[in-house]
Amino acid sequence: MALILFLIIMALILIAAAIFAVMQKDLLFAVLATGIISVVLSVFFYVLQAPDVAITEAAIGIALTTIIFIITIRNTSRNEDEYTENHINKFDK
Amino acid sequence: MVISPVHYIVAPLLAAFAIPLLSKIYKDAARVVPGIVLFYNVIISFVLMKQVLKQGMINEVIAGWQPPWGINLVLTPFTGFLAAMISVMGFIIWLYGFRFKRTLKGGVVKYYEILQMMMIAGSIGVIITGDLFNMFVFIEIVGITAYSLTAFYRDRNGAEAGFKYLLLGSLASTFLLLAILLIYTQTGTLNMAQIAERMPEVSSGIKITALVFFLIALGIEAEMFPLNGWAPDAYEQAPSPTSATFAAVVSIAGVYALVRILFTLFDVAGVHQYLIVMGFVTMLVAEIAAVSQKNLKRMLAYSSIGQVGLVLIAFGVGSPLAVFGALFLMLNHAVIKSLLFMTGSYFIYNSGEKRLEGLNGMHKRLPYVSALFSLAAFAIIGFPPFSGFWSKFYILIAASDQKMIFLIIGILLVTIIELVYYLRSVGRIYFAKEEMQDIAHKPSVNALIAMSFLALFIIIIGIYPDIITGYINQAAAALLDKTHYVQQILGSK
Amino acid sequence: MNPIISILLILFAGSVLAFGIDSINRKWTGWIAFISMLLAALNLFYLAQTSDLVFSLGGVSLKWGFSSLRLYFVYIILILSLLSFLYSIDYMKGKARLGYFYGAFLLTVLGMFGVVISKDFVSFFIFWEIMTWSSFLLIIYNAYYKVKTQGLKYMIFSAIGAYAMLTAIVFIYHYYGTFDIAVAIKGGVFSFENHIFIPLFFALGFAIKAAIMPFHIWAPSAYADSPMSFTAVFSGAMSKMGVFGLLLVLATYYALHNPDAYVFSQILAWLGGITAAMATIYALIQTDAKRLLAYSSISQLGYIVVALSTGTKLGVMAALYLAVLHAVFKGALFMVAGAVEKQAGTTDMTKISGLIRKMPWTFFVALVSVIALTGIPPVGGFVGKWLLYEALITESNNYFLVIVIFFSSTAAFLYAYRFLFGLFLGQEEKETENVKEAPIKMLIPMLILAIVAIVTGIMPGLIFKPAAVAMQEIGFENVNWQMTALSNVWGNQTDLSIIGMFIAAVFVLIFTFLTFKGKKNTRFVGTKDISSSGELWQEGENWTFQQDFYKPFERAAAPLYKYKMNKIWEDLGNALEAFFNFFRRIYTGNGQTYALYVIGFLALLLLFKDYIFK
Amino acid sequence: MKRYIIFLFIAVLGWTLAQTFRAIPFGADRRGNLDQPDRVAAFYLKESPETLQTANSITAIVVNFRGFDTLGEVTVLFLAATGLASILYRKEEDDETEERITLISSSLVRTGAKILFPLILLLGIYVFIHGHLTPGGGFQGGAIIATGFLLMLITYKRFDTNHNLMVWLESLAGLAFVATGLYGLFTYGSFLQNTHSVGTLNDLISGGLIPLIYIFIGIKVGTELTNILDILLKIKPGKQS
Amino acid sequence: MNEFNELFIKYKDLITLAVYGTAIMLIIIGLYAVLLKKHLVKIVIGLSIIDAGVHLLFVAVGYIQTGTAPIFSPGYENAADKMVDPVPQALVLTAIVIGFAVTALALSLVIRLYKHHHTANIEQIKSLKW
C-alpha cells in the first residue's frame, strides 16, 4: 500500500514539477524543476525495475543536463519575459 | 567474408574517430582521409551491388545473432542501389568541396569533414539497416550532423536555421520513438522483416496510431508539406556542399525510411492515396513558394522539396513502373540538384550575393559553370534529352495506367511553374546586365571534375537511359516484393 | 550510315563544335555551322530509299523513318535552314555569343528534323521538346531585358502545349498499348468516340505551335525579337511543325471521314479564320517591319489551318502548298527585314524610307515576296490562294468563313503595301544616305527564295507532285494535278504559264519605262528639305507619310484593338504570381509555427485516421 | 485563439495516446515464451545468461545483441561534441582567452571537490567495469566520470582537462571499440561477434568481450561528455562574434 | 511480495493511471511548452520534458507485474521468468544519451542565437522566411 501511495505521490510530484518548469518565469528555477523531474523519474525507473535506466537518468539527467541548462541561462537571459538583452549595444564596439 | 555491408558504416566511423588523432600528425589529414573513406565506400558499393544482383540479397548479421534476434544489415537490389548512389554522390560532393574547405581556417576543417562524412555514413546506415531502432539511431546521427552543419557558418541565420531544424527533428524523433514503442509492444520484435510478418496480427487501432506517428516522424525527414518548415532554411544556410548533400543524400534517406516503413512494415489501405495527395500538395506548395524567391539557394531548396513531392507521388501510385520511376527520379534528383547547388555556390562565391541578382551576367565570368547550371536546370524541369525527362515520363505512364488523369495534368501544371523560375534564372545568367566585377573565382580543378562528371551523367542517361534502367528495375522489384524480403531474412535463420 | 543518323549526328556535332569554336576563333563559327548544315542537307539525296530505324530506348520501342508526308516537311526544314545559315554568316557578323547562337540554332534544326522523322510518340515528344527549348534559347538571344516576359511567354505556352501532348501520349499508351504513331492512328486514337481528350490535347499542342488565335500571344514578340535569320526558320519551318502535327491528328478524320469530327473541324476552322483576320488587322498598325511581318506570319498560318480543317482533298492540298509557299516568301521577307536591319540599323518604318535605290536587290526580293504573300499571279502565292478559295467555296459550305478569309487577304494588301512603302519607297532621308546593299552572302539565299516563289507560280506542279504523294499517305487517293495549270470544279483550266508570261511582259515594260524615265536629270528632295517653299523644318514636325500611315483605318478599327489577348494573359499571370506570393507566407519563418504545423497535422491525422487508413 | 487551437491539438494527441495505451495493459507479460523464444525479450533473457554468461542482461543487449545501436549512440555523442565544438568554440577563429565559467567557491568547497574527484572517478570506473554484473555500465560510468570533471571544472579556475590526453583517449577508445567489432568480423565472420570463451556467470571476467567493450564505451562517453561540458563552460557570457 | 501482488491487482487502474498518465501528461506539458512558450530555453526544456515522458513510457511498457530487474545476480540465476522486459530499458538507455546530445546541441544553438539576435524570443528570430 505504501508503495502504491509512494508511486502516486511521485507521479503527482513529477507532473507538478513539469508544470512548474513550464510555468515558472525565472528560468533558473524552471531548470531546477527539470532537475527534480529527472530525480523523480530515476526513482520511478528504479521502482519499475529498471536500475540501469535509473542510474543513467540520474547521472545524465540530474547533473549534466541541468548544468548545461544553467550554462545556457548564464549566457542568455534568466527571466523568461525578459527575452532581450538590456544593453544591446554593450558589446557592439 | 572480405567485404560486407558493415564496411559502409565502420570505415567512416574508424576514420571519424581517427581524424582528431591523424590531424595532429598530418595537417591535411582531415581533408584527405574522408575522401579515401568515401572512395572506399564507392568501391565496396560496386562490389556489393554486383554480388547483390547475383545473389538477390545480402543479409549481414551483427554480433552473430541471426535476425530477428540481432541487428542485421540488408542489401537488396533496392537498398544496394540507394547505398551505391549515396556513396557515389558523397564522394563526388567531397571531391567538389575539397578545395572549398581550404577557405576554412585550420582545425575547423576537421569538424566539417567529420560531420559531413558521418552524415553520408548515417544516411547509408538508415538505408541498409534491417532493424527499426537501429534506423532511429542512424536517423539521429544524420539529424545531429545536419543540425551542426546547418549552423556551421556561425552567422545569425545559420544558427536560426539550425535551431528550426533541430526543433522539428526532435519532434520527429519523439514520434518515431513512440511509434517504435507501439510496434514493439505489439510484435515483440524490432526486426523489420519480422514486424512485417507479424503486422497482420496487430489490432488495427494501435497499428494505425503507430502508422500516423511514423508518417509524421518520417514525413519531417522526408520534407512532406506541412512538416517541412525546416527544409528551406537548412538548405539555404548550410555550406553549399552540405546543401548538395541534403538534396542528394539526406532527403533520399528520409524518403527511403518513409517508403520502407509504409511498404514493408504496414499492410494498411489508404497509404497510397495519402502519399499521392500529400506528395502533390508538397510539390505544389513548394513550387509556388519557389517561384518568387529572391534567394538562389532558397529557390533550389524549395525546388528540392518539390522533387521529393513528386517522388512521394510516384511511390503513392505504387505500381512497379511507378516505383521504378520514383527510384529513377530519386537518382536524377540527387545528381541534378547537387549539380545545381554546386554551380549555384560558385555564382554566390563570385558575386558575393546570395540573391538571384547575383546571377546577372554570370556567363561571362563563369562560362562553363553557367552552361552546367543551365544544363542542370533544363534537366530538372524534365526537358528531353536529359535524364530528368525519363523519370518524369515513367511516372506519368505509371499514373496513366491507374487512370489518374487529373494527377498527370496537375504534375505537368506544376512543372510549368517550375519551368518559369528555372528559365528565369537561366535568362538572368545569360542576359541580364552584370555589375562589373573583374575578380573571378574560377572553379578549381577538382570541382570542375566533380561537376563535369555529374553533367556527363545527366546527358548520357538522358540519351541512353538503358544503362541504368536494368538496375533500377531490379531495385523497384525488390522494394515491392515484401514476402520475398521477409522470407529471405527470416528464412536464413 | 543511315542518313537519319548521319543528319542527327552531323547537326549535333556541328552544334557542339560551333559552341566550342566560338571561344577560339569567332570567324569560323558561322562557317562551321553552315558547313555542318550543308553536310546534313546533302544527305537529302539519300533520303528516299531509307528504311525505318527501329530500336529500343529506356524500355520504349522507338521508330524513326521517312514517308512521303515526312519527306515533304524534311525538305522544307532542311532547305530553308540551309539558306538561313548561309544568310546568318554575314547577318550575325560582329554580334556577341555566336557560339551560343549557332549551337542553339543547329539544335533547333535537329529538333525539327527529329519531330518530322519520328514514327513514334516518345521520340516525337523528345524532339518536340528539344526544338522548343533550343528555340527558346534563340528567342531570348536578343531580348536582354525581355527575358522575363517574352521568352518565358513562349516557353510557358510551348510547355502547356507540349505537356498536353505528353498527357495524351501516356494515355495513348495506356489505352492502345503502343507508342507507334501509325499503329495508334489505325487503332483510332484520334477518333472522337473513345477518348475525346486525346485528339483535343494534341490539337492544343499543335495549335500553340502554329500560333492559333487565343494561344498566339507568344508569337509576335518571339518572331520579332529573335535574330532575323532564325525568325526566317522559326516562322517558315518551325510553325509548320504545328501544321504537320495537325495533319497527323486530323489524318484519322480524313481517312475515315468521321462525321463526329465535324464540330471539331469547324471550331478549328473558325479559330484559323479568326486568327487570319485578327492578325491581319493587328499587322496594319505595326510601325516596326519585323512586328508587322510577325503578325502577317500568324495570319498566314491561320489560312493554312483553315485550309487544313476543311478536310477535303483540295483543302489539304491548299494547306500543303501554302505551307511551302509560306516558308518561301515569309522566309524571304524576314531575311529582307534582317538585311534592312543590318544595313540601316533599324526596321522602324517611321524612321527609314526610300531604300529602293540603296538596296535594289533586296527590294526585288521584297517585291516578289509581297506579291506572293498577297496572292497575285504569276508568283506562287496566287496558286495557294486560289486553291484555298476554291476549297472553301466549293466544299466547305461555310460562307462566313469564306468572307472572313476574303476580308483578311484583302486587308493583307494594306499591310503588304505598307511594308514595301515604309522601307523601300517614299522619300529618301538623310539618315539613310550611307546605307549600302546587303552583302552577297545575304542576298543569295534571298534571291533563291524569290526565284522559287516565281517558279512555283508558273509551275505549281513542282509542289503538287510531292504534295499529292504525301496526301496519299494520309488517305487521299487519286489526287489530280497538272504541272503548269490550275483547274476548278467546273472543269475550266487556266494555264498559268500564259498568265505568267503576260504579267512578266507587263513588268518588263514598266521596268523599261521606269528606267528610261529615270535617265532624266532629276533631283531627289528629302521630306525635310522644304526650303524651296520658303520654310524651314522644325524639330518634331511631321512631313513624312511614314507616320500615321493608316491613321483613318486605325481610327475605324479602334474598338477591335481594345481587346488584347495579351492583356488577359498577362493579368492572369500577374494574379497568379500575386497569389503565389501571398500563399508562400505560410512559411512564416517562426520555428514554433512550423512545430505547430507538425502537431496540427498530427492531430488532424489522428482525428481522421480511421477514415484515411483502413 | 491560437492558444485554444493548440490546446485542442494537444488534447487530441493526449486522448489518442491514452486510448492507445489502454490497449496495452500495464504490467502484463509481453516477453513471450521463455523456453521457445518467439519475441526478442524472451530470447535475450534466455541467451544472456546461457550463451553470453552476462549477469546484467541489459548490458548484454546494449553491448552485444544490439551493440550496433550502441556504436551508433557513441557516435551520436561524438558527433554532438564535434558539432558543439564547431558551433560554439573554435580556437582558431575566436582568439578568446580560454577562460572558464567558475563558481565563486569557498576553500571548503574546493577542498571537498579535490577529495571527491578521485572518488567520483573511482565510482565511475567501478560502474563501467562492473557493467555486466550490476546495474550500470559504460554510459552510466562515463556520465559519472564527466560529473567528476564537471565538479573540478567549475570549482577550479586553473583546472585543465589536458585536452590532448582527452583527444587521445577519446579517439583511441572509439577506435578500440570499432576494432573489437572488426575483430569479431574477421575472426568469427560477424561484426561485434563475441568470443566463444565467455567465462562463467557473475564472474568479474565473464561475458567475453562485453566488459572490454563497456570499458571502451565508458572511457569514450566520459571523455565525450567532459568535452561537451568543457566547451560549454569555456564560452564567455555575452561575447560578440 | 504476495501482498504487493494483491495490491497491484486491486489498484491496477490506479497504478496504470499513475504511470501511463504521468508519462502522457509529461508529453503533453512538454508539447505545451514547445508550442506556446516564447523563450528558447523554455522550448528546449519542453523538449527534454517530452523526452522524459517518452522514456517513462518505454520503461513502463517493459514492466511486468511483480517483476525483478533483468539482472542475473547471484541468487537470481534462474529467475528469468520473473524478470521485466529488458529490451525497452536498453532502448531507453540509448534514447537518453541521444536526447542529451540533442539537448546539448540545442542549447549551443540557443547561445549562438542569443549572441546574434540579442534575444531569446523565438518570435523575433525569423530572418529566414517565405
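When the chains are written out, they are named A, B, C, D and E in that same order, and each has its own residue count from 1.
We adopt the following convention: a residue touches a chain if its C-beta (ideal position, glycine included) is under 8 Å from a C-beta of that chain, and two chains touch if they have at least 3 such contacts.
This one's a predicted model, so the numbers in the text were calculated from it and none came from an experiment.
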Chains in simultaneous contact with subunit A and subunit D: E
Residual chain clusters - subunit C taken out, nothing else repositioned: one piece
Chain nearest the global centroid, as defined over all protein CA atoms shown: B
Interface with more contacting C-beta pairs, comparing C-D to A-E: A-E
Chain centre separation in whole Å, for subunit E relative to subunit B (CA means): 31
Distance between the centres, which are taken as Cα means, of subunit B and subunit A, whole angstrom: 37
Gap in Å, rounded to a whole number, between the CA centres of subunit E and subunit D: 16
Gap in Å, rounded to a whole number, between the CA centres of subunit C and subunit A: 75
Residues of subunit A touching at least two other chains: 51-52, 56, 60, 64, 68, 71-72, 75, 85
Junction residues of subunit E - those touching two or more other chains: 8, 15, 19, 21, 25, 27, 31-32, 34-35, 38, 40, 43, 57, 60-63, 69-71, 83, 87, 89, 91, 93-94, 96-98, 100-102, 104-105, 107, 109-112, 115-116, 125-128, 130
Junction residues of subunit B, two or more chains touched: 133, 137, 140, 144, 147-148, 151, 154, 159-160, 162-164, 167, 171, 178, 185, 190, 209, 232-233, 289
All pairs of touching chains, each written as two labels joined by a dash: A-D, A-E, B-C, B-D, B-E, C-D, C-E, D-E
Parts of subunit E lying in touch with subunit A, wherever the complex brings them together: 4, 7-8, 11, 14-15, 18-19, 21-22, 25-26, 29-30, 32-33, 37-42, 44-46, 48-49, 52, 55-56, 59-60, 62-63, 67-71, 83-84, 89, 92-93, 96-97, 100, 103-104, 107, 110-111, 114-115, 118-121, 124
Touching residues on subunit D, where the partner in the complex is subunit C: 5-6, 8-10, 12-13, 16
For the subunit D and subunit B complex, residues of the former touching the latter: 16-17, 19-20, 23-24, 30-32, 38-41, 43-44, 47, 64-69, 71-73, 75-76, 78-80, 82-87, 90-93, 167-168, 170-172, 174-175, 178, 181-182, 184-185, 188-194, 241
Residue ranges of subunit C in contact with subunit E within the complex: 584-585, 587-592, 595-596, 599
Footprint of subunit D on subunit E - complex, ascending: 8, 12, 15-16, 19-21, 24-25, 27-28, 31-32, 35-36, 57, 60-65, 69-74, 77, 80-81, 83, 85-87, 89-91, 93-94, 96-98, 100-102, 104-105, 107-109, 111-112, 115-116
